[in-house]
Each structure stands twice: as structure tokens, then as C-alpha cells.
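Look at the two complexes coming up: chain A is in both, with chain B in one and chain C in the other.
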Partner chain A sequence: MPQQLAVIVLVDVGNALESQTLNGNTYLFDNMKLQGSQNQGTGDLVTAINGSYWQDGSQASEQVLNWLPYSLGSIPPTVPRGYEAERARQTDEQALAELEDLAVKSSAAGVDAAAELNRIRQSAGRRVKTTRRTRGRLSGQKVLDVTGKVVSNGGTEAHSYPAPVITDIYGQAVDEKVIYPAEYGSPDLVTDGWYWSATVDTSRPGTYAYTMRIQLHRLVQQGGEPLWEPVNLTCESRIRVITEPKRNAFTKAGLGLLPIPPRPFS
Partner chain B sequence: MNPKVNIVVVVDVIGALSDGTLRNGNLCMIDDGSLASTGQGTPELVTVVKPGQVVTWSALAVDLQTPVEIKSITFLGPDADGGHEAEQAPPAAQAPVPHGQDGHADERHNPELDVWSGVVPYLAPGVAHPYRLEVQMYEGEYSTLHIESPALMCL
Partner chain C sequence: MTTKPRLRETGAAAKRPISITAVVDCVGALASHSVHGHLYLYDTNKAGGSTGFGTEELRTKVRRGDQLLWNVLALECEAFVSIDDIVIDRDVIEPERKIYPGTDVAYWIGTVKKDDVQSVPYQIKFKVGTRTDPITTTLSPALFG
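Moving on, here comes the complex of A and B:
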């Protein structure tokens, strides 16, 4: 059926960073299960691509593949785009209010100003350093956990990871000119404004492998400042292309008379 | 006279599956015939044709991301005069589907391969020949719906 084919690339970012591989840490799904895709929900998905051709051999339908990377253990991509910035601003405002409160209270006896300041510093969190390579949605924001709370020590506490980013699609299916992938701009905010898509030449049936280069981000401390460091890993998947001839639905062969039962004259 | 007539069936797949009907504005039909077809833009399209013309039906989805195909077109005989559309059998009463893996048919029929096209035979002029148009939206037991209101008519 003519619908766009979607491949979801779900990455367990924390474990992938720890084990330095996407093998065993990637779960692939597509919307072609009923059309013959195999191994849904595993790292070994084979996406079914069912093409068709006309009597003269020309391609009759166009199959389009889209890839969407999602992350396990992150703030969902469906929250509003400005969520991280908003949370950073809110925690700054809260810290200012608490500082004001402390300024009033600090003159009173029994208030440990140093301890209070330290607590405020912890709850305010720190902004992630921006470098040329990490400029983007998360630059200058704070490290949050999956519930949106500020994490003051990303080295020891659980924190949300930036969504994985596909940076290239290559390999056998591309080399043999079966798929033509490219990255496109999109108004869809879930994919952060970009997505990878490919048209498929269904005239050459077979199973073809392709590789996705996926960029993850690890939180590191550099000069006492937190920083998202890009980590590039790769993940392989396959497509299985078949193609079948179009045929007349009434005759199951060539063109014929419409099967209309006779009716009396009115 | 153009030797070909195209009939396009436009389906709001999400609306049709949500409502469980192709009525309520979930389906409309248009043809490009040069004769005086009536009911353009409605499910009651009566396409006026001449013997020898080739009629081709195709389905389009309002939302391009949703799948829809024509599952069958059956011309109704004189004794099958409409009226059955409202009695679309509930899924449980339909012919059993042979169950394979995941509860779906073992041998999948790909409706995308079907070309719904045929030559108009000699017909009694001025008589509408209604047909049952069944559309399939993705797969599974709730995926097909039909109407019996469109027709072909010779002048």
C-alpha cells in the first residue's frame, strides 16, 4: 500500500556509551510488519520493501523510507522544543529567590550560610559548556534528568541524554544504488528539524545491508565544566526488496470488458 | 470523446476508520468524464460513459501518510438493489481469514498490484449500473469498508 515506510532506531544511549557499541543496544522497528518485515524490535531488523512494475517493466510505485532515531532514557522528543531552556531559566529564577531569602535570614543566629549557599548551588545546577561542535539545541542548557529536574553532578547522577543523531547512511544498499538516502529539513520538531529519508529502486530485488552512523553524546567534565562530547558509532540494518507485476483486477490478466450484469431498460 | 475516463476515490482514512463508515464526508468520488456525470465530489457519483471507453478507478488518501487501496469493485445485479450498505457485516460474521503468523493470512494479497480498469460494454442506455466499491485501509479485520452508491450509466 502506498505509505511512507518509517524505521524507528531506538538507542539505549547510556549502555551504548558504556560499552562503546550500538550492537545489543539498538532496537529497530518499522511499520511494515504486516507486509513482511522481520525481527521487529531487535537489532537485526529486515525491512520489507514491496515494489511493483508495469507490463513494460517500468517501476509502478515509489517506496520512500524515513529513519527516526529515538533514545531510551531521555526526555521524550515530543516535549516542547524550548523545554530545556525553560527549565534552565526556571531553576535560575528559583535560585535567585532562594538567595534573596538567604540574604534576609543570614543575619539571624543559627543559619549556616555556607551550607545554604552550597544547597542553592546544587539545586541551580550548571550550564553545559558550548563548543563549536556542540552548538545546538542543548548548548548552554543545564543537565536534566528524565523527569526534568536539574542534575548538579552528571558524573555520578542519572541524567537525560541528548537524542541520537543520524549523521550518515551508507553501505551496500547505497553503493549499489538501491537506496538514495539524504538528510532533509523538516518542520517536524520531534526530529529537531532534520530527518533522513531515501527513495528505493525496487527494480532489483534482493536483500541489501546499509549502515547508519549515529552520534551520541557523553557528559564529560573539562576544566571543571560539564560538556557534551560527541561519540560516533555505527549500526547496520537490512532491507529486503521484492517487486511484483501490476495486473488487471477484474480479469487477473489484461484489460477486458467490465463485468456488468445486464439490467432491464427503464 | 476521450477514450479514457478516470474515477478517483478520495478517502479520509483516519475519519473512516474512526467513524466505521465511508459516509460522513469520509469518502468522495470524482471523474474526468466529458459527459454529464452527476454527484461529483460525493459517494453518489454516477459516471456517464459510452461503450468502448476504458474506465480506471484509483484510490487516494487525504492524508498522504495513510494507506488506502481499492479492495474490490462489484457491479450489482438487478436483484441486488442497494440497501445493504448499512448492514456491513461485523468482523466476526465475515468469512474467516486463514490465520498464519501473527493472526494474519499466510499468503498476503498485495492490493497495490491491482489495476482497476475495464472497457465499458454495450449497456441499456439511461440505466444506472450501481457497483459496490470496497476499500482497504492498511490490514486487519477492521480494515475494509464499502459503499454501494456509485454507478456507471450509458447515455
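Moving on, here comes the complex of A and C:
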């Protein structure tokens, strides 16, 4: 089985949109710290990748890199998949129940139906406008704030930014055919069904740079309706391919070289 | 020819909570029974003057009335981590545990009660993996005014 190496791309989306750059607003991590990756949690990560062979020199399966882009300060990726859609449905149902309640109450004296309707409208939020260019996983969703409540007026309330989306991986490591990146469909719960992955040719040790094209989304108003406007930016990272054999990364089995020799039954 | 309505940016004037995000390397924390060396802290107030990004001693710049929201990310998406408690001077802020509606995923939120706070160090207690006893930060992040 290939060894799955993960690179987390954590973007301070608000600051990146403000300053129009990912430099200084992107923090990169991987799960190869114990194999020698450097500068974890900074914008200057160098991902260490061991060779794809076992400790006796025989051929092992390839090393596979996976990228996971997250938004700093947004609703975390651990909420259930399709959370925005689910919240949109829940708040619609709630509004319908409140409307039913109001229909019963409105004939009674002292009920300000207009004010109540306004309140229900506020708490139901609004769906984001979709254009041909912005169609995708954000289509028809409602805007949420960082605590998961719907935002009723995009102009005056703070909203949670959607997770960044990687749209391309290119540059030296790809040009020199050291990594072969592509986007794949996946049942993965945290990346909305899509992720970027690459196999690595570990036969040529060295440090290679690559560039990620990352799409952020800015909430704008178009003709009085909220709309997620895509903003494309790039950021660079590096891999360092070394000639060490594969290492174990599972807990409770140490960090020895692979394969772990069989232990006699006691 | 029809003209496209102008795009107007929204939310520029909106007061957004300052989010403080802890990134925890769960495998490393479980292996060493400590978050030291396995914790990276960030906030969204870099432009406001926060420092120590990516370290265990993040210093978040705050003012009275600022809403602070703590949440946590696991470095590996299969691993579990949550914030069990935030130990801080309750005269400055009283963080409360809340749940994203319709989920069991928690965040902690509170409002800064004082102006000109000098330096208020605090500790975060994490629940990691299936361990029942929480792991507390060894180096202290802080709020300052």
C-alpha cells in the first residue's frame, strides 16, 4: 500500500483577501516531521519524502502526497459534510414553523405581524446568488457566521469564509517529473469530495519547489444579492526527496524502518 | 449592451470575532503525553498586532469588547481532538463552550471585559484521541492589549 503523506494548507482567508497575497497568510504542515520535514506551521515548509523502498533495499510501493486546504478562523472542517446546505435546510424549516405559529397568533390583539415577519425573515437568512461562473459547491447555500448561524444581512454581519480550493499544482517539481499531481473525487468527509494528490518519483533525490493555485472566495453584493466572488492567488512550497528507506508512522510500533520484522509469538 | 451591476464588497465594516485556532499533531501528542512540540497556535488578528504565529506562545492583541473564539484542528483528519477547558483570568474574559448548531463539534467563545490588559497568559486543555484525561499546554499563550 502506498504511504499517504498529507500536506495541510491553512490559509488566513480574511487577511489574504485584504492584502491580495497568500505570502505571510498561509501556514503549511505535514505529517512527516519525524522524517525530517522542516519549518512546520510556517509558509516555508520543506516536506521530507523518503525513498520508496524497504530497509533491505527491495522495491516498495510509491509515496503519495495529499493536499488539504483549510480556512483559518472559519467553521472547522470537522462539522458534517455539506454543513452549509444542512444549515440552510434547517433554518428554512424553522422559518416555516414560525410562520405557521404566526398565522395562528396574528388574529389575536397585540401581535405586530409585520415586525414578526421581519424577524422571521432575518433569522431565515438569504441564499447566495449563483452565476454560471460561480456555480459549484457554494451554490444556493446560505451565508453562515463563524458560529454556524445564518447571516441575514451580508452587508452588516461577519461571515465565515468557505475553505480555500486548490485549482492547480505546477512548477519545478511537476516540470521535472518528480511529482505527478491530479485532482481526484473522493468520499472523504473533510474535503467536499475532491482532493489533490500526487505520486512521487523518489529515484531522484533533491529539493524541488512547486506552486499551488488557490481559489478563495470574497462575499460581494451584486444587484442587492450576496455572491461569492472567486479570487485566485498562488503560493509555493517545497519537497525534499531523500534516499532513506520508508519509515513506520503508525503509533505503538516505534519509528523504525519498514517493514517491521515479524516478532515471535510469546 | 446591458451593464453588469457593480460588485460591492460586503462585511468590511462588520465586527468579526477574533478566531484563535490550535493545530494539534495528535499522533505526536499521544506518543509523548504532551502537546509541547506538537501544537501550533494562530489567530485572525495579525493585522491588529498579534505575534507568535505557529508557536505555543501566541500573543493575541485584544481590546475591550472583542469577541474571541477558540477552536481546534487535528493535523491528521482521522484523529480526534477537542478543547476541554480554557484556564484564564475570569476578570478579563469568561470563555464558554458552545456547539455549532446541529453538530457535536464545540468551540469556545467569550468577550474581553477590560481595556489595556498588560499580558494575560492562559492554558488550554485538550482531549486527544481516546485518552480520557486532558493534556494541558506547557507553554502559555497570552492575550495583551
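Going forward, the second predicted complex is superposed on the first by the 200 of 266 C-alpha atoms of A that agree within 3 Å, B and C clash if a C-alpha of one lies under 4 Å from a C-alpha of the other, contacts with A are read in each partner's own complex, and residues count from 1 in each chain.
What we mean here is this: contacts are C-beta pairs under 8 Å (C-beta built on N, C-alpha and C of every residue); 3 or more make two chains touch, one makes a residue touch a chain.
The structure presented is a predicted model; accordingly, all values stated were derived computationally and were not measured.
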- request: Name the contact category of A:A158: first (chain B only), second (chain C only), both, or neither.
  value: second
Task: Answer with first, second, both or neither: which of chain B and chain C does A:Y180 touch in the superposed model?
output: neither
Which superposed partner A:R247 touches (first chain B, second chain C, both, neither): first
Query: Who does A:I8 touch here: chain B (first), chain C (second), both, or neither?
result: second
- prompt: When the two structures are overlaid on chain A, which partner does A:L258 contact: first (chain B), second (chain C), both, or neither?
  reply: first
- request: Would you check which partner chain A:P76 touches, where first means chain B only, second means chain C only, and both and neither mean what they say?
  value: second
Query: Is A:Q221 touching the first partner chain B, the second partner chain C, both, or neither of them?
result: second
Dominant contact partner of chain A by residue count, chain C or chain B: C
Field: chain A positions touched by chain B in one structure and by chain C in the second
entry: 33-34, 249, 251
Query: In their shared complex, at which residues does chain A touch chain B?
result: 1-4, 33-36, 50, 52, 61, 244-251, 255-266
Field: In the complex, chain B residues that touch chain A
entry: 54-55, 61, 64-70, 72-73, 75-78, 102, 104, 108, 110-121, 123-127, 129, 136, 138-140, 152
- prompt: If you look only at chain C, which of its residues touch chain A in the complex?
  reply: 4-11, 13-19, 21, 23, 25, 27-28, 30-31, 40, 42-44, 46-47, 53-54, 69, 71-77, 98, 100-103, 105, 107, 109
Message: Can you tell me which positions in chain A touch chain C when the two form their complex?
response: 6, 8, 10, 12, 14-15, 18, 24-25, 27, 29, 31, 33-34, 40-42, 68, 70, 72-80, 83, 86-87, 90, 146-149, 154-159, 188-190, 218-223, 226-227, 229, 249, 251
